[in-house]
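Consider the two complexes below, in which chain A is the common component and chain B and chain C are the respective partners.
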Partner chain A sequence: MISFELSEERQIVRSTIAEFGRSVLRPQARRLDTDSRIDDGVLTQLWSTGVIQAQAGAADDEVGARSPVTNAIVLEELGAADATVAVAMASTMGFVQAIADQGSAEQRSKLLAGFTGDRFQGAAVAMMEPRFGFDVSEFATVAAKAGDGYVVRGVKAMTPLASRCSHFLVIAQSDGAADAFIVSRDAAGVTVAEPKGALGLRALEMAEVTFDNVAVPSAMRLGEGNGADIQRIIDSARVGIAAILTGLSRGVMEYVIPYTKERVVHGVPLAQKQIIAFNIADMHIDVEAMRWLNWRAAWELEVRQPATKTAQLAYTYASQQAMRIADDGLQAFGGHGFVKAHPLELWYRNARTLSVLEGVAGV
Partner chain B sequence: MDFTLSDDHETLRDSAHVFLDKEVDLSPLLKPGAMVADADYDGLWKKIVDLGWPGMVVPEAYGGLGLDYVDLIMIVGEMGRTLAPAPLFGTLAGVWTILAAGSEAQKTDLLGAVVGGNLTLALAIADADGSYEAPGCGVTAEAVEGGYRLTGSKSFVVDAASADKIIVAAVVGGERRYFVIDRGAPGLEVELLAWRDITRQVGAVRLDKVPAELLSGDDADVWPFVRDRLYLVLAAESAAGARAALDQAVEYAKQRIAFGRPIGAFQAIKHQLAEIAGQGECADVAVQYAAWALSEGDPRASLAVAMAQGYNSEAYCDATHRNIQVFGAIGFTWEMKNHLYYKRARCNAELLGAPATQREQVIQIVEREAA
Partner chain C sequence: MVDFSLTEAEQHLKAVAHRENEIGRKYAREYDRNSENEPSYIRGIHPDVAALESPHAALRRGQNQTSGLVIAEALMDMVSARDVNLRDTGEDAFGSWMLKDYGTEEQKARYGHLKLAIAITEPSAGSDPANMRTNARYDPATDEYVLNGEKVFISFFNKFDGAVTLMKGEPDAKGKTPFVTVVVTKELPGVAEIPQFQKLGLRGHELSGFHLQDVRVPAIARLDADFGKTMSKFNHNRPLVAAHALAGARSMLDFTHAKLAEGGLKVDYAKGRSARGANEDKLIRMEALWEAAWGTVMRAKWLEHQMGSESHGYRVEASVAKALGGKVVRQITQGCLEILGPQGVSEEYLAEKWFRDVRIADIYEGAGEIQRILIARALLGYKNELN
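Showing the complex of A and B:
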């Protein structure tokens, strides 16, 4: 039966992560950006939310334990506090979810235990590639059959926290189709480059990872003999980024409202100027639109309906609107918007970066 | 959270789909100079009455079907998809006003007649300048022995010419109240406006001491209740209309060849279609969320319907604009339906106030919540 009500459990998750974001993450966001590094203390704090561990440790029959909708809720709240940390969470979450959803019994038991401990454990889905014209329907990275296993060759780009990952889920062409391979960071032939720096999400230390003829046993092909549904991993990633963009946009709106009520221009508060008031109304409408469209995509993933179309629309729409909202938010602050005394310029850079994280949005 | 429409919802939508595909004929409107009078407005209504739709939102206590708002958008969406010309909007507006303002006896009497298919309604509330603000200045009510007499004028009255009774908002004692008048009452004139959307009948009413019966409700309760539901109706029409505009454009873009390829293969076209698809999904979810919120009595309902109406009417305008662009010159001719959708979209974005009006409401609600 149609319902737009969040369960009590999800409401608790939402308010808990929101409070964590407000009190713990938001105050540190500027420092992380300046340092271009998420320090271990913040990662430990992030880990202490228990979100990843709950998903990694959930039994297969535990209803709702691995819920794309709940993940979208969590990532929106983290995105509202600091999109950089939210992507760090989403990255590991994407890896864990792919293993939990699509891994063989042995892969789940062998790998997921590593994500149930007390210390931050990074991992990433290595999908993007450093070439013009890249799109997720075709990968230059290849996994060639060799004896009982595979040999993986290629370069992956913009991998979050690459140097601190224990594993990568490498998406590669294999036997004419996209497939996924679990590769340990320590495997021979894996090299993580120095981060090159970026406009936004600076603390994420996104880096290229080279796989130079890395031997991967068949047991580490995701899903083993059955292979994996790569599109589902892509859909999940899009829903994750759209959720973070929704949170980022909401953060901008919530920051702009009190300022425009206090800031007086030509004798009246900015908020009473229609151009500002209507911008804020549009932000509110667009954030809701982003959220509902994305929750619909997340729900389709959750009930295992085809989600590709909705997930793509949700990501593209969220990318466009978040850039506009970040821009309007910065504009509302005028000169204060592009100085570091306020987080608007940081959020603006992060929105711009998230919007191209999967290549050229909309193409 | 569950985005699944129930089997009942889908059955309702599918049966409305089949019925309207069969019965709606827009061809008389696809010629130069066509007017709403050519649309067989009342002919379609008779068939709609046979399906019981006039009583769909009337509670079962008054003999109606008592459907919820998610049910309602299944039918209204199909009406919007097909641009079905019939006095449903006016009758729904009248039913909700009577529900909010009428006494038990008035509800039993008037709503019973609607359910029986013997009464169509219209709501005259906007002044000649398009304002819905209370108390309004267009019509005043004078107490006389046995009732009231109304004098003045109202405009933008949907379905006034087809209505058997019109509910008129009039000022009495400095306040806006609601009165029922007979369409055939002495002193009442209804003039059809040259409304550009010729699939919808919109008129002005002039009243000169027209005998009227007072509905007992206060305005503070009545108009927000009715307006929220009419927002939902327009938002549902717009979401479905935008989808129709997309489907038609996609179909055409696959067939029409230019420079040796279907025009849909060109990014300049396909990106526009993708844009409409994205907005269409948002519009669908917005209207479903608003319908659910109204059905559940959720406190976010007023915000949800204002957002849905503001967003969906703009999305519909955008979709129909791009639809004509994709069709090119042929989309600009009388014999194609494209212009009917374009005009419906444009008029839906004005009928209850422009999107700026809904943005104002969003701001007010957000401000109240933040306080």
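Showing the complex of A and C:
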């Protein structure tokens, strides 16, 4: 039954996160970018929303408590305020969900408790690798069977908040297929490099993590004997990224509208020029289209239908259109779009950065 | 609750619509070549489908088991290209619907048996109806209206009995000229039908027009359907225009997938963009356009289902669906023909036809630019500041 109806609970979640984004996150977005660090205070506030704890606390039979559709709504609202902070949450969420979704009973009971406390606890899916032309269909990182367990070897790139993660879910080639291994930050052979800085999402301190012959017991292979569904992790990440890009795009549009109405050019407000007005209309069209496509992908994940195709399309569409929207938004501001007095240049950098990442989010 | 599942009834309706389209496929080329010269040579019900459940009847019967009548209708419309309409049901008589909705009992008694088109566009007034020249002058001596002007691009006027026609009335005390809506029937002296338009595509959709020269109609011919009321129909129709065009684009995409598969390329949605070639990447991007547009049609139709078709509450969403649908079908059909290469433009296949057919979708029922003006006005809080 086709429906876009938001339950009362979802409406409350949406308005709560939207308000949090407006009043807490947006005013700090520039400072975070400049500092290239998310301070503990912001992370604590983010944590206090309870979104991640809700994922970790949900028992097997409580699928409703772990809702990809709700999470997509949350990530759009966070993304509209600050995509960087949205990824900070989504990245940890991706890890927690993979464990909650696919972990063995022992893995769930052992690991999830660490994400139900009062303080921010980072973790990440370590998927991307530091080479041009990297693709999620081929991993150079390998996990070789060794005795009772595995030895993981490889380098992962652009891992969000890597230095603040307690665990990584390392995606590695193992026995002819991609598989996932839970590796503690403290394990011997794990090295988190200094962040090199990046074009956008700077405050995420995305860094390389090296796994130098790290011994991983079989009990820490995600799903243990059954192995893991890596594609589901990729699909979920794509939907998460698309949700944040939807929010980012909406943020651009909402910022462009008042400015172009006030800015007078050749005697009339900029917004009365068709080229500008049409760009604004197109932003709205695309934000709507992104959101519905993304809700559909999230819904497929939620009801456990095959979601790979829709997730890919939602990610493809959002990546393409968000870049265009950030681009048009900057252009509408002219020189003011290029300088740091306004957030357009920041969003322009964030849009390109986020839309080329894979695996850094989960819904 | 957010839900994108289709009910069993909806899946059945889609299958019925798809079957009908597939049966029509073998007549598509012939109809494309001839229908402008031999209008409506498929009349009544084609023998190929006479014994089969009609999609329209199936929709009426099954509507209670759907997400909503207007939602199910759009789902059926998007399933695949309807190259030939194998059943002349008369449901395309838009003017007759207007009469049914806005006519008095007396007017319905007089004109209700007729099939009426709707006539709005003029050679120099398409998207800007304010520029309309066709006019009605009241003659108190005979209690008649005297009509003069010209209407073009009138769907199915050739086979209908007349048209509900939008025109300018006489200036009021403040000098403002109201729009009036008048039933024009073909047999009236001074009504001259013009020949069918020869056109790029959608050749089965017959299009003509008429001149009015001192045509006298009784006062009863004037409907109490003002311009705003006429426009309210657009909210219902605009997403359907997108849906019809998306159906053509759907067939085009399916054809392209099939032909590429014959050459060994099967699209893989799992891998990332670095691992795919140009054609595969392009196809995925076009599929994304299609699904994005699908979502906006469903959104508009779901809102319509909630609010009622006459509501203006979903007009922005109706424009969003129309604007995006109109845009993506251009991109998809152009892109698929580029991928298909020289063989794709051959009349041996229908791909080139779908490319031509869908192009009108970004023009009629409000061009893409008009939709964007409507959307931008709503976002910016503008009225005539933006035009």
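Observations on the structure shown:
Methods note: the second predicted complex is superposed on the first by the 356 of 363 C-alpha atoms of A that agree within 3 Å, B and C clash if a C-alpha of one lies under 4 Å from a C-alpha of the other, contacts with A are read in each partner's own complex, and residues count from 1 in each chain.
Keep in mind that, in the parts below, a contact is a pair of C-beta atoms (placed from the backbone, for glycine too) under 8 Å apart; a residue touches a chain by one contact, two chains touch by 3 or more.
Everything quoted here is computed from the prediction, not taken from an experiment.
Following the overlay on chain A, a clash is recorded for the pair chain B and chain C. Once chain A of one complex is fitted onto chain A of the other, the partner contacts of A:Gln272 are limited to chain C, with no touch recorded for chain B. Applying the stated contact rule after C-alpha superposition, one finds that A:Asp135 touches chain C and leaves chain B untouched. Once the two complexes are laid over each other on the shared chain, residue contacts for A:Gln45 go to neither chain B nor chain C.
When both complexes are overlaid on chain A, the residue A:Ser36 reaches neither chain B nor chain C. With both complexes superposed, C is the one of chain B and chain C in contact with more chain A residues.
Applying the stated contact rule after C-alpha superposition, one finds that A:Glu5 touches each of chain B and chain C. By the touch criterion stated above, A:Glu358 is placed in contact with chain C alone, chain B being left untouched.
Contacts of A:Ile234 after superposition on the shared chain: chain C is touched, whereas chain B is not. With both structures placed on the common chain, the touch criterion links A:Thr308 to chain C but leaves chain B unconnected.
For the contact definition in use here, the residues of chain A common to its chain B contact set and its chain C contact set are 1-7, 10, 69, 257, 277-278, 280-282, 284-285, 288-289, 292-293, 295-296, 299-300, 303, 309-310, 313, 316-317.
Only residues 1-6, 9, 70, 267, 271, 274, 277-279, 281-282, 285-286, 288-289, 292-293, 296, 298, 307, 310-311, 356, 359-360, 362-363, 366, 370 of chain B touch chain A when the two sit together in their complex.
Residues 1-7, 10, 69, 257, 277-278, 280-282, 284-285, 288-289, 292-293, 295-296, 299-300, 303, 309-310, 313, 316-317, 362-363 of chain A are the ones touching chain B in the complex. Put simply, chain A touches chain C in their complex at residues 1-7, 10, 69, 133-138, 231, 234, 253, 257, 260-261, 269, 271-272, 274, 277-278, 280-282, 284-286, 288-293, 295-296, 299-300, 303, 308-314, 316-317, 320, 358. In the complex of the two chains, the chain C residues touching chain A come out as 1-7, 67-68, 71, 75, 268-275, 284-285, 287-289, 291-293, 295-296, 298-299, 302-303, 317, 320, 323-324, 369, 371-373, 375-376, 379-382, 385-386.
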